[in-house]
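Pasting in a structure now, in structure tokens, and then I'll have a few things to ask.
Labels run A, B, C and D following the written order; every chain starts at residue 1.
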Amino acid sequence: MGNDVLFETLLRLADNHLILGHRLSEWCGHAPMLEEDLAMPNIALDLIGQSRALYAYAAEIENQGRSEDDLAFLRLEKDYHNILMVERPNGDFGHTMLRQFLFSSFMVLFWERAQNSTDKVLSGIAGKAFKESQYHVRHTAEWIIRLGDGTEESHKRMTAATAALAPYIGELFEADAVDQSAISAGIIPRASDLRGAWETQVRSVYAEATLEPILDHQAQTGGRIGQHTEDMGFLLAQLQYVQRTYPNMTW
Amino acid sequence: PEFLAEFQKRIDREEKIEPNDPMPSGYRKTLVRQIGQHAHSEIVGMLPEGNWITRAPTLRRKIALLAKVQDEGGHGLYLYSAAETLGVSRKQMTEELLSGKAKYSSIFNYPTPTWADMGAIGWLVDGAAIMNQIPLCRCSYGPYARAMVRVCKEESFHQRQGYEIMISLAHGSPEQKEMAQDALNRWWWPSIMMFGPHDSDSTNSDQSMAWKIKRFSNDELRQKFIDATIPQAEYLGLTVPDPDLKWNPEKNDGKGGYDFGAIDWDEFWTVVKGGGKMNVDRITARQKAWDDGEWVRDAALAHAKKQTAKKASATLAAE
Amino acid sequence: MGNDVLFETLLRLADNHLILGHRLSEWCGHAPMLEEDLAMPNIALDLIGQSRALYAYAAEIENQGRSEDDLAFLRLEKDYHNILMVERPNGDFGHTMLRQFLFSSFMVLFWERAQNSTDKVLSGIAGKAFKESQYHVRHTAEWIIRLGDGTEESHKRMTAATAALAPYIGELFEADAVDQSAISAGIIPRASDLRGAWETQVRSVYAEATLEPILDHQAQTGGRIGQHTEDMGFLLAQLQYVQRTYPNMTW
Amino acid sequence: PEFLAEFQKRIDREEKIEPNDPMPSGYRKTLVRQIGQHAHSEIVGMLPEGNWITRAPTLRRKIALLAKVQDEGGHGLYLYSAAETLGVSRKQMTEELLSGKAKYSSIFNYPTPTWADMGAIGWLVDGAAIMNQIPLCRCSYGPYARAMVRVCKEESFHQRQGYEIMISLAHGSPEQKEMAQDALNRWWWPSIMMFGPHDSDSTNSDQSMAWKIKRFSNDELRQKFIDATIPQAEYLGLTVPDPDLKWNPEKNDGKGGYDFGAIDWDEFWTVVKGGGKMNVDRITARQKAWDDGEWVRDAALAHAKKQTAKKASATLAAE
């Protein structure tokens, strides 16, 4: 396995975390209650922090003189390789919580196993991220239950969120040739192996939330190879604004 | 009157007043107003900086900014809790903010058009806030004083962080330096005004001083702030936008200090009364968050009730 | 009067039209009815077309090798000198129509007189723009009346729009030193001279629309010298996206 | 049956059928479905290109794109009007679009991630649309045929405009060339699929042919499109993403034409059935516009009623 597989693997993970952290950070100052104005940035900080560690390591592996910020801010849209779920617009608070719950429920399993990665740096990142993800799952699961089994309106909204996010679940468990190489080399766990545990976890929360699970919807994919939904361009226009407007400066 | 005198004695002995202690209604009212206003300022203050979270130039800066804005939310939470000890609910305070009945610091009605504003706010606005707030750590009302201890610790971290952004810019490219100077130009006077009207025009100040809610006058704090900040501006190599600024060795009882130009109080009052560039947008943003969040708060309440009912019937069944 | 006054005058006019055209173009494909999906782009096309003629002429006057597109796409936020009204977010359809009505009611008077500009190029631009503005006023006035004197809800929304836009009226009639020079040189009409006719026009439409006019609210200003509201940065992030991401190319 | 034969004779004589003429209910139904679908395609088709209006790279391109998207709205309007002559209202058709009962061209369920997509859509998608639409200018139903004459004139302008964007990119910087190639890679096969299933799998085609609603088969049109487009791609210096593409001098009765690879009909049906990247977003956007616009439409109606009532009472008073 060449460094390029490791680099691409780190980049995908980093992009997932940066973009989802970005989306979550859009809520800051606009949450339904002050407690969530603290909780959502908390999660966003964890995600962006994880992305930073991953970009820094990816930059090191690439060894082409690019920095963590070059990777985070100065690529073209097609070179961001995050899954589609994380770039989807926030929707309402319930939609945001459900997206986070679905993602973090996956990541907690992923990071748990990645602690045994043959790559020692990644296994170190995984150790910290695993603990953080546990909190993300706990916090969001509580909201799924509260909102699913809350009022008639909240139940309706959560049902809509369930349907809206269903097409973006499948991509979590995909593996293309790059992933396969990384899995074979013991760098990352095989996502499809995590599906069973993920479903058990998600189904139990949906059940408590009195929500009908839609977990096997036909999957939207393409994120891994940079084929995004139309929302991505607008997200990048903001993310990259300063770096693009004032190139080659130190901030 | 006897009670008032007794109360004043406690204050004079530097005893902390606690929630269940008897207190004059004026004391309570002043505190509710001030703590509420302070809490609202933290909450509204999330918006001008929140404006740059999605556009921060590096990962390090993005993380620091997000954490900072989150801290402000945290300060809001401590302060609302302190106000609640005086018998006013967070919901009530929020409604007063949204209706315009309660005020928040006018400084947050200025816009943040550039990244340099993240530096200038940290350096100047948080700097001025700290000057105001450090004495509040010794405020006579216990819960407020304790909240302020936590707030001040974090604020001085924010201030350093803001100043550090200014250093990067002021020592950066010509565009960055210009951006830093422009931010200083826009934030200098509003920061100076954060200390409020001149002592000669300040109402209610004497009573607040006597009650040890306030410990220094507006002008004293303003002078301290200016004296502390000018050397920092010099280190940055930036020009403070006040042609009348001059070192005066006589000031501060001969220790020296800066003379400064006349403050444009018309602008101050215009912004206080709603005429700032962002007043309407700030309240609109808060109102939208409040309205959009209603279904969430309702659902949380409904769910909690269901859980309580379930527990109750479980307990009943078990008996 | 130096060329710099003419340049700055053209730039301010151009920025007003580009930014308002940009805002209006955001509606394209999302209007309340198909007819308005044609009418709003029509107005936007006129506005952006006017801005293009003005930028092209400004570039010529500046004579520093900058093109119309360099001016339109490659300045910093503080160098855009449009009034604040035009950068305000669209709000609902009624808000958009009212903003356009207030602006175009001013511009129709402005262009009418600017046909006699001592600057022949500007007077030519004014001739075309005058005719176009007449249509803009007519179309938007009809909507103000329909919505003001429509349903209870539409009346309420229009009342809110009236209040929301009131602070941005005063800036239309301002004149700073640059404007004064341009006025003295006969390049542009004196905006304050147009206020009477503007108010008559606007009051008559408000009256027919059963709306309470708020025309003398304390003015928000600063646009002329590049001091914008916070919405401007996000608008520019989109406007400049391609030019900033791929510098120095031909499109 | 006698009526059907008579109707067929009119068709065969190339007479135009007009709104008030008697017509078989199948003929009416086919037309309502097809014209409605066509109108919806124009309306939904505004979205993928509308996506770039605020980000177009130059003033000239921005104006051209905005005008183009507006034209598509105009086409929608002609076509809804043509459909209305058959007794179905625009509101009804809109509701069928939003509920998913009525279809629109599947091509618009692909996203437009780059500026080059504005070129590729004009060149390929409008190009394919024109192939489909030119014969419709001679469609037996008068209002539809006349609407298509206007549509086709504008579409061929759009197609040239799109191709011109592709030229700028393909002859531009390496980044631009790559962007153009990437767009061709993504839009080629979807454009090929716009002609619909192979003749052997196409339902309803024979009857539409007999009624002269349709004049060429799907495969005939597809072949014409490919033969016309390959030289254009060659001129651009771009590679059509089909390794099986090959000039075949035997094709088209010895005039020659291109052999091409197998079409991935699974993808076609996936997208038709709602699995494209943008299906849900497209309908959501239309639904939002419709919902957000309700108060406007209601107010316009209410105002019109008031005006009518006023006029009536004025007339009454004058009598």
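Throughout what follows, contacts are C-beta pairs under 8 Å (C-beta built on N, C-alpha and C of every residue); 3 or more make two chains touch, one makes a residue touch a chain.
All of these numbers come straight from a predicted model, not from anything done at the bench.
Asker: Have a look at A-D versus C-D and report the one with more C-beta pairs in contact.
Answerer: Counting C-beta pairs in contact, C-D comes out ahead.
Asker: Cα centroid separation between chain B and chain C, in whole Å?
Answerer: A distance of 37 Å separates the two centres.
Asker: Please tell me the distance, in whole Å, between the geometric centres of chain B and chain D computed from their C-alpha atoms.
Answerer: 57
Asker: Could you say which residues in chain A touch two or more other chains, in rising order?
Answerer: Residues 76, 233, 237-238, 241 of chain A each touch two or more of the other chains.
Asker: On chain D, where are the residues touching two or more other chains?
Answerer: As it turns out, chain D has residues touching two or more other chains at 55, 175.
Asker: Can the chain contact pattern be summarised as a line, a ring, a star, a complete graph, or none of these (other)?
Answerer: It is other, because the touches fit no line, ring, star or complete pattern.
Asker: Looking at the complex, which residues from chain D come into contact with chain C?
Answerer: Against chain C, chain D makes touches at 43, 46-47, 50, 53-63, 66-67, 69-70, 73-74, 76-77, 80, 90, 115, 165, 168-169, 172-173, 175-176, 285, 288-289, 292-300, 302-304, 306.
Asker: In the complex, go through chain C and note every residue touching chain A.
Answerer: Interface residues on the chain C side: 76, 233-234, 237-238, 240-241, 244-245, 247.
Asker: In their shared complex, at which residues does chain D touch chain A?
Answerer: By the definition above, chain D touches chain A via 48, 51, 55, 111-114, 175, 182, 186, 270, 275, 277-278, 280-281.
Asker: So in the complex, which bits of chain A are touching chain B?
Answerer: Listed in rising order, the residues of chain A that touch chain B are 18, 22, 25-26, 28-35, 37-38, 41-42, 44-45, 48-49, 51-52, 55, 68-69, 72-73, 92-94, 145-147, 149-151, 153-154, 157, 238-239, 241-243, 246, 249-251.
Asker: In the complex, go through chain C and note every residue touching chain B.
Answerer: 76-78, 84, 164, 167, 218, 220, 222, 227-230, 232-233, 237
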